[in-house]
Amino acid sequence: MCFKEIEESFKDHCGIFGIYRTDKKQDSAKITYFGLYALQHRGQESSGIAVNDSGNIIYHKDNGLVNEVFNEVVLNHLKGHSAIGHVRYSTTGKSDRENAQPLVVKYRKGHMALAHNGNLVNAHIIREKLEQEGVIFQTTIDSEVIANLISRNRINSENIEEAILKTMDEIKGAYSLLILTPNKLIAVRDPYGLRPLVMGKINNNICFASETCALDTVGAEYIRDVEPGEIVSVTKDGIKSIKYRQSFKHLCVFEFIYFARADSYLDGISVYEIRKKLGKQLCKESYVECDIVIGVPDSGTTAAIGFAEEAKIPFSEGFIKNRYIGRTFIKPEQSQREIAVRLKLNPLKSNVTGKRVVLIDDSIVRGTTSRKIIKMLRDAGAREVHLRISSPPVLFPCYYGIDTPDRNELIAANYTPQEIAKILGADSLEYLSLEGLNSVFDNKLQNFCTACFSGKYVTELPENFNKYIFEEGV
Amino acid sequence: MCFKEIEESFKDHCGIFGIYRTDKKQDSAKITYFGLYALQHRGQESSGIAVNDSGNIIYHKDNGLVNEVFNEVVLNHLKGHSAIGHVRYSTTGKSDRENAQPLVVKYRKGHMALAHNGNLVNAHIIREKLEQEGVIFQTTIDSEVIANLISRNRINSENIEEAILKTMDEIKGAYSLLILTPNKLIAVRDPYGLRPLVMGKINNNICFASETCALDTVGAEYIRDVEPGEIVSVTKDGIKSIKYRQSFKHLCVFEFIYFARADSYLDGISVYEIRKKLGKQLCKESYVECDIVIGVPDSGTTAAIGFAEEAKIPFSEGFIKNRYIGRTFIKPEQSQREIAVRLKLNPLKSNVTGKRVVLIDDSIVRGTTSRKIIKMLRDAGAREVHLRISSPPVLFPCYYGIDTPDRNELIAANYTPQEIAKILGADSLEYLSLEGLNSVFDNKLQNFCTACFSGKYVTELPENFNKYIFEEGV
Amino acid sequence: MCFKEIEESFKDHCGIFGIYRTDKKQDSAKITYFGLYALQHRGQESSGIAVNDSGNIIYHKDNGLVNEVFNEVVLNHLKGHSAIGHVRYSTTGKSDRENAQPLVVKYRKGHMALAHNGNLVNAHIIREKLEQEGVIFQTTIDSEVIANLISRNRINSENIEEAILKTMDEIKGAYSLLILTPNKLIAVRDPYGLRPLVMGKINNNICFASETCALDTVGAEYIRDVEPGEIVSVTKDGIKSIKYRQSFKHLCVFEFIYFARADSYLDGISVYEIRKKLGKQLCKESYVECDIVIGVPDSGTTAAIGFAEEAKIPFSEGFIKNRYIGRTFIKPEQSQREIAVRLKLNPLKSNVTGKRVVLIDDSIVRGTTSRKIIKMLRDAGAREVHLRISSPPVLFPCYYGIDTPDRNELIAANYTPQEIAKILGADSLEYLSLEGLNSVFDNKLQNFCTACFSGKYVTELPENFNKYIFEEGV
Amino acid sequence: MCFKEIEESFKDHCGIFGIYRTDKKQDSAKITYFGLYALQHRGQESSGIAVNDSGNIIYHKDNGLVNEVFNEVVLNHLKGHSAIGHVRYSTTGKSDRENAQPLVVKYRKGHMALAHNGNLVNAHIIREKLEQEGVIFQTTIDSEVIANLISRNRINSENIEEAILKTMDEIKGAYSLLILTPNKLIAVRDPYGLRPLVMGKINNNICFASETCALDTVGAEYIRDVEPGEIVSVTKDGIKSIKYRQSFKHLCVFEFIYFARADSYLDGISVYEIRKKLGKQLCKESYVECDIVIGVPDSGTTAAIGFAEEAKIPFSEGFIKNRYIGRTFIKPEQSQREIAVRLKLNPLKSNVTGKRVVLIDDSIVRGTTSRKIIKMLRDAGAREVHLRISSPPVLFPCYYGIDTPDRNELIAANYTPQEIAKILGADSLEYLSLEGLNSVFDNKLQNFCTACFSGKYVTELPENFNKYIFEEGV
C-alpha cells in the first residue's frame, strides 16, 4: 500500500553507498546491497539500488528494510557494472513510496540516478522558482530539485561535473550525493562537509559510503573521506577530483554523539573512542556517588562504559532490550499502555533494586522516553536515579538532515536542567558542557557543526527559517 | 518487484474513469474502483486512483488488476470529493510500476493528477525539445509530457482550461484525458475524437468513462459523449464546455471491431450491434457451405452469431475456454508445448468431428494464434475449416494507442489472403471488405479512423514515423 | 490468514488428478499442476499437490487457485516420480487452510497421501465411533476419516488394496479417491460411481482425473472410466484392477447438467451434447413464441443454443459477463447495492429492448440470482421474459458432494412453477420434465443418480439424514 | 511456501504463553501476542495462538516471527475468553508449517489445543506403538503424540486431568505444556521440571509463561513457578493443583547459562545474576593478564561484565552487532565469503588494536563461529586473544529440547581445551569448572539438569538413545 501526499516536507536522514566496477563482474548491486545493510541504522523506511549498463539505468526501490525490499531474484536482475544505493529514514510518518531513492531521471544527456543524504535549506525556494518557470515535481525529496538544476545547468556546461559545480552555487545546506550516469559514478559533498562520505577500494574498484562500517562490511579498504566541497568523478579512465571554490570543515557533531555506527571512523576519528571519551568527560564534570552505572540501550551504552571507567564504578546492564521488535507491531490497547514500553525494554530488577543508579544517555529530545525509562527503574526498586547526558542540551532544531522537532518541543529549549530532572523524575540531571565536548574533540570543535547546541548554523538560513526561529522566541 | 528501464516506448491502451461529487459523500474512490472494474478489458497491467481533497491530491497505484491493487483498507484511505482512475495495458513487457497512472504532480498552481488514454505521435519530439531546455523525465508515459506542457502553458494563462487549450496546439495524436485538480475535474478529448470518452450522471454528480459499460456498472445515467476537441470542466459551480478551434469525427473503428466491451455504446452506436452486423455482412460477402459456424472465443463470438443468422446455419460453440487462467502461470516445458494452448482452449470434439466449420475471428495480426486454433480443430476431426475475418486486413500499424506490431510482422501486409490461408492451414480465408465495413456503419466510415486498414492516418505523422513506414517498403 | 473452526461440516465439491511415472522424468508435479488447472471449475477454494519419492511424500497446499498456490519455485521442489493433486470448493465460507487436500499422513506402513472427491453420508458416525476409541481429528474432511480406516484395516490386511476394500465396507456415500504411497498410485471409485473418475495414458504413464478435459489439457489419451466399485492400483509392475463385491451405475446426473466442463466426456458421453439436447428437449416441451433465445452466462449458454436451434429462433447474447472478477472484491455499500450484480453481468440493451426473450438456465436453487437477472432484462427493455430450465426442479438436497442448501431454501421444494415465476418476475417458467431428461439420456436415466430431483437416494442414508428430511416436511 | 517431509525429527525449543480470563474482556489473544513477543528469543520459526469460546477453539498459526504471523485483523478475529500461544525454534531447517503449534484437535470430549515446550525421549516408541494400532500422524511434533494419549486415556478417566496424569505415566522426557479446552486452561510440567514454566496474575486472571520476562511484559504479577510434576487446572471456579506421584527438581542449567532472557527469574533465581556470577567465578578460576575484557555479543556480554568486575579490568565492547539482520538474507557469493560474518559483527578496531583481549562466551558447540570471531579480532590488531567460557565443556547432546548436534560434532567431546584453543586460533582457552558452576548455584547443582556437561541424564533414555551414544564412543 502506498499513499502519497505531495507536501513541502524535506527532512530526511539517509545512508548512501556506491561502487564503480572496471572489471567485468556484474555484482555491483549485490555489493551495494551489503553496503546498505551496514548503513541500515541511518534509515529504515525505504531502500533502493540503481545500476547502470549499456547506456541505461535500471533500478528497484520500495518502502522497507534492505532485506525486505530485495531478494535474490531482484538482485539478479539488477545487472550492471556500477551501482548506487540508498536507505531512507522517514520523518513525520509519510512513508511515501515515491520518495524512495535513488531518483532515476531521463534528461537531455541520457539517464541519471541520484542518492542524497542531507537536507537543503533552500530547496523550497528553488522549487518555487522552478515551478514559476513551469517545472513539475513528482516527489518531495531534495534529489528532484538537484536533478532539475543539474539538468538545466548541463545546457551550457562542458560536462556533468561543471553542471554540478554550478548547481552547488545554487543549493545551500547539507548534501552528500552519489550520482550515477551510464558511464560515471560521481560523489559530491557539500562545501561544509556537513554529512559524512568516505571513499574506499575493493579489488581496485572505487566505492563510496556514508560510513566506514559499510566499507568494512563489504571488505573494502578505506582510502580517505571525500572532502568538503569536493566532487570525485570516477570513470573507466580513473578518478578525477574537483574542488568547489570554497570549503569548510563542519561535519555534524551529532554523527559522533549518536547517529553513526560506533565502529565507523569519520574524518579519521573513531566514533567509538569519541563516545567513550564523552562518557569519561561527563563523569569528570558531573560525578555523583552511586552503586552502578548503566546506559540506555543501545545509544547510551558506550558513554556509560566510559563514565563507569572514569568513575571507577562497575558498568552494569540496567535493561534487557527485546531484539525482535519489527518495524511495525500491533499497538496495545489503552488499558495495556505500559506494555508498549516493556515490550522493548525490561529492567533488570536484580541489578537495580536498592541501588543508586547513574543512567547515561546520549541526548534528550522531548524527554518522553527518558521519563518512562526512569519510571521503570524506580518501579524496579532503584533508590536513586541520576541522569547524565553525554552531550550538551539540544536547544536548536537541525536543518541539515537530522529530524528534530520544533523548538517548542525540545525540552532543553524550554526548561532548566533542574526543571527537566523534575519532569523526568530523576534525582539529578547533568549535561556535558560545550567546553567538555570541545575537549573531547581535542579543542577543535570549531571544525564541526554544533548548531543544535549553539544555534550557530554554518550556512545562511533562508529568511523564513530565521523567522521561524524568531517566532519561537529565541 | 519493479524494474524500470526508461526507454522511448510510448504505446499504451488504457481505460479511464472519473467522478466529481458535489455532495458530502466520500465514496468517489469506491465508485471509481467499480468503474475501473468495468473497464478492466482495456488494460490489465496497472491500476490507479487519485482523489482530491482539501487542496491536496492523494493516490494509490501499482501494477496489477483493479482487485489486486486495491483493497478495503486502501480505498478507505482514499477519501476525497472527486476522483480519477486508470487501468493500463502494457505493451512490450515493460511492466514498470512508475508508468502506472494517474500521474500526480505538483506545479506552480498546486497539485494535478492526469489519466490518459491514447497515444501522442509527437511526444518524443516534445520530450526532446523539453529536455533541451533542461526538463527531466521520470517515466515514459505521455502524461508526463502533457503535464509539463500544461504547467508551462499555465504561466501566461488565465486558468488551467486556457493552458490545456494551448497544450492541445502542441500535442498531436490520440488522447482522452481526465485531469483532477483540488477543485476541478476536467475531461479532454483530442480534436479527432480518436479515443472514446463518455459523460454520465449519478445522483447529480458528473462522471466520465472510456465506455458506457462503466456508467452502467456504477449505475450512472448516460448523458452524451465528450465531443472531439472538447474540454469539459466540472467545478462546484457546474459544467463548462470549451471547444478547441477545430474538430473532426474520427473515432477508432477498431474500438467497435474488437476493443470496446460489446455492451458499450460509443458515439451512440451499440458495439454489439456493429459486431453482429459485421458478421452478417461478412456472410453476405463470403458465404461458404458448411455445417457449423463457430467463433474464436471470446472475440469472434458475436460476429459468428451474426454470420450464422445470416447464413441460416446453426451457431455453435467450437471451444471451451478455461476461465481461470490468471495473468501469469507456469510455462509448460518444451516437451509439453501444446499444453500452453490447450490450457486456455479445448475444442469440443463432439461438435466439430466430421464437420465443415466456418471459424469467425475479428482480425488477424501475426496469425500465430489462428494457426494453433485451426490445428486444434483439425486434430478434433473437423473436415473443413474456413476462416472468416469480420474486418478488413490490418495492413498498417496504429500510432494512436493500440499496440500493433511493425508492418513486417503484420501477416496481411506481407501475404495475400490465399497465402495466409495456406500458412494458417485453413481451407479458405476471407476478410470483410472496406466497402462492407462502410455499409455496416451506414456508409459513414469517413467519420472513423481506419488507418490500420487504409494507411490514411487522420493526423500528420512526424517525419520519422513516415520514414519508418517507408523503410518498411510500403 | 487462516481461521479454522473444527465443525461437523463435510460437504465439498472437488477435482482430483494423479499420475504415475515409470520413467525417470521428475515432472509429475508440473503435469498435475496443469491437470488441476483444467479442473479448476470443480473447486476454487484450495489447491494442493503431493509427490512421492524415496519412500517419502512431500507436498504443498494452501487456500487459493492453482496459479495462486503454486509457482515455479514450489513446483521445482516437488520432485517425485508420481503425484496426486486436488482442488477444493468451499461450502459455507469456511476457508480452512487445514482442510486443503491432499491429506498426507504417516501410518504404520509409512506415508500416504489422499485426495478425495465426493461426500460420505456416514462420516460423522464413523468419526464418532473412532473418537470413542480415542482417535483425534485435526480437520473436518472425509479424507481424514478414510485415512484412519485404511490405517486400522491395514493391520490385518495383506496389502493396502485389501485395507481399502475393507474400508469400502464401512464408508457409505460418494467417493472418487486417489491414494499415493511411496510406490503406488491407487484410484478408487465408490460402488455407485457417483462421482466421475477417468483413466488416461501419457507416454505410457497412467494418469487419473475427475474429467477428460484434464486429460486433453495435459495431452493424455483417454483409456476408460474407472468403474463403480473399482480399485485401480498402479505400480512399477503395471496396473491391477480389483472390484468391490457389488457395484451399480449411478453417476450424478448434475455433472452433465451443470458441474462438469462441457468439453468433458463422462462414462463416454459428451457433456456438451447432453447440454445441447437438454435445450432441444426443453424447447419441445415448453416452446414459447419469442424474438430471441438467450442463456444465463455461462451455465445456460449451451442449452440455449440447443433451444434456439430447435425453436428455429436465433440464439443471441443477452448479457456481457465481466471476465475479470476475482475471487474476492470489495463489496459495494448498501446504497450501491445494484453494482454487485452489474459488476458481473450487464445486459445487452440493444439486443433485448422491446424483445420477447426466452431465458435459459441450467437450474434454479434459491432463485435469488434469477430474480436479479430477470429484473436486469426488464430494466433493459425486454417486453417478455420466459424462463426455461434445462433440468427438472431441484426438490431434494444432495448428500453426495454437491453443496446444496436445506430443503426450506430450495425454491422448487416450496413453490409451484407458477408461484416461482411470479417470485422471480418471469412471464412464465417451465422446467424440463424427468421424462424429458430420461429421453435425453436415451431412456437410461436409471443408470444415474437423480436424487436431487426424485428424492431417490442411491445409498442408504444414516438415520439422522432421514430425520432431517422428514423434519423438512417432505 | 510450505514443504513438509514427515520425518522422525522431534527436537524443538519453544516458548509458551497462556491466559485464562474470567471477566468478559475478549483480549486474551492480544495479551498472548505480547507474551509471545517477549518469548521470541525461545523460537523464531513459527508462531501460533489458539483461543476458546462457546465450546469451540479457533486458531491461527504459521511460520514466521510473532509480528510477521499476526496482524490487527487476525488478532481481532481470535475472540475468546482464554488463549494459549507458542513460538517454535526450528532445528535442522525443516520449516514445516504443519509443525507450527498450538496443535488443535477434536476428540471424544470436544476440542483441545496443546502448546508444548520440551522434548520427549520416548515419543518415537509411543508413535510406533500407536501406529501399530492404526493411529495416523499428520505432523512430527510431540504434541500430536501427547494429544493421542490424552484422548485415549480420557476414555476411562473421570476428567481430563486424570487423563493427563495417566499420560504422564507414559511419556518420558521434558515437557512444559499448556492445554486449552473450551472451559479449562491446564498447565503441566514434567516430573523433573526440565523446562521452565511460571504462573502469574493479571487483573485476577491467571496466566502462564515459559519465563517471567513475559509476565513483566504483559504487566502480570509473578505468583510462582509451576512445580515439577504439577498439573495446574484453571476454570471459572478457580485453580486446582494436582501433583504427579513423584517429582524432582532438575531444571535445565543451560536456561541460566544461555537460553532464557537475562531479565527472567527461573525457580526464583535471577538469570542475570547467575550469568554475572559465572563471569566472576570464571575469572577466579582462569584469570589472565590482559588489557580489556570483551564478550561475544550478545550471549557473552553479562559474563564478560562479571569477569571484568572480578578482574578489575575495564569491561569493553569488542564488536558492533548489526541489529537489522533479518531471519533470511541474501547469501554473499563465494568470493565474498567474509561478508557473511562482518555483516553481523564488526570489530571495534580502535578498541582492540594492540590489546591483550579476554574474550568471553557462554559456550562452544562446534567452534566455527568462535574461530571466525577470533580471526576478526586478530585482523583488527588484537595482540593476544584469550578465550574464556562461562560454562563447562559441552560433552553430551541434549535430549530434552535443546537442539544440540551429535557428539562427533561437539568440539569439546573430541578435543582437549589446548587442542581447541589451537583450532580456534586462541592464545589460551579455559572453561568454567563443574565445581565452579556448582558454587555459582550455591552448591545446589544437583537440583539442575547438567546432562550436557556430565552425561548424567535425569530420565531413563530409550534403548536406541543409549545405543546411539555408545556408537559415538563415549
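Per-chain residue numbering starts at 1, and chain names A, B, C and D are given in the order in which the chains are listed.
Note that a contact is a pair of C-beta atoms (placed from the backbone, for glycine too) under 8 Å apart; a residue touches a chain by one contact, two chains touch by 3 or more.
For each chain, UniProt lists the protein as follows: A, B, C, D = Amidophosphoribosyltransferase.
Remember, predicted model here, so these are calculated numbers, not experimental data.
Put simply, the chain farthest from chain D by mean CA position is B.
A separation of 60 Å divides the Cα centre of chain B from that of chain D. Computed centre separation for the pair chain A/chain D is 37 angstrom, with centres defined by C-alpha atoms.
Counting partners per residue, chain D has no residue that reaches two or more other chains. If the chains shown are joined wherever they touch, the resulting network closes on itself as one ring, and no chain has more or fewer than two partners. Chain pairs that touch one another, listed by label: A-B, A-D, B-C, C-D. Listing the residues of chain C that touch chain B in their complex gives 27, 30-31, 33-34, 37-38, 40-41, 44, 65-68, 70-72, 75, 213, 216-219, 261-263, 265, 270, 272-273, 298, 301-302, 305, 308-309, 314-317, 319-320, 322-326, 328-330, 332-333, 336, 338-339, 342-343, 346-351. Only residues 1-7, 56-60, 62, 73-74, 77-78, 103-108, 111, 131-138, 147-148, 151-155 of chain A touch chain B when the two sit together in their complex.
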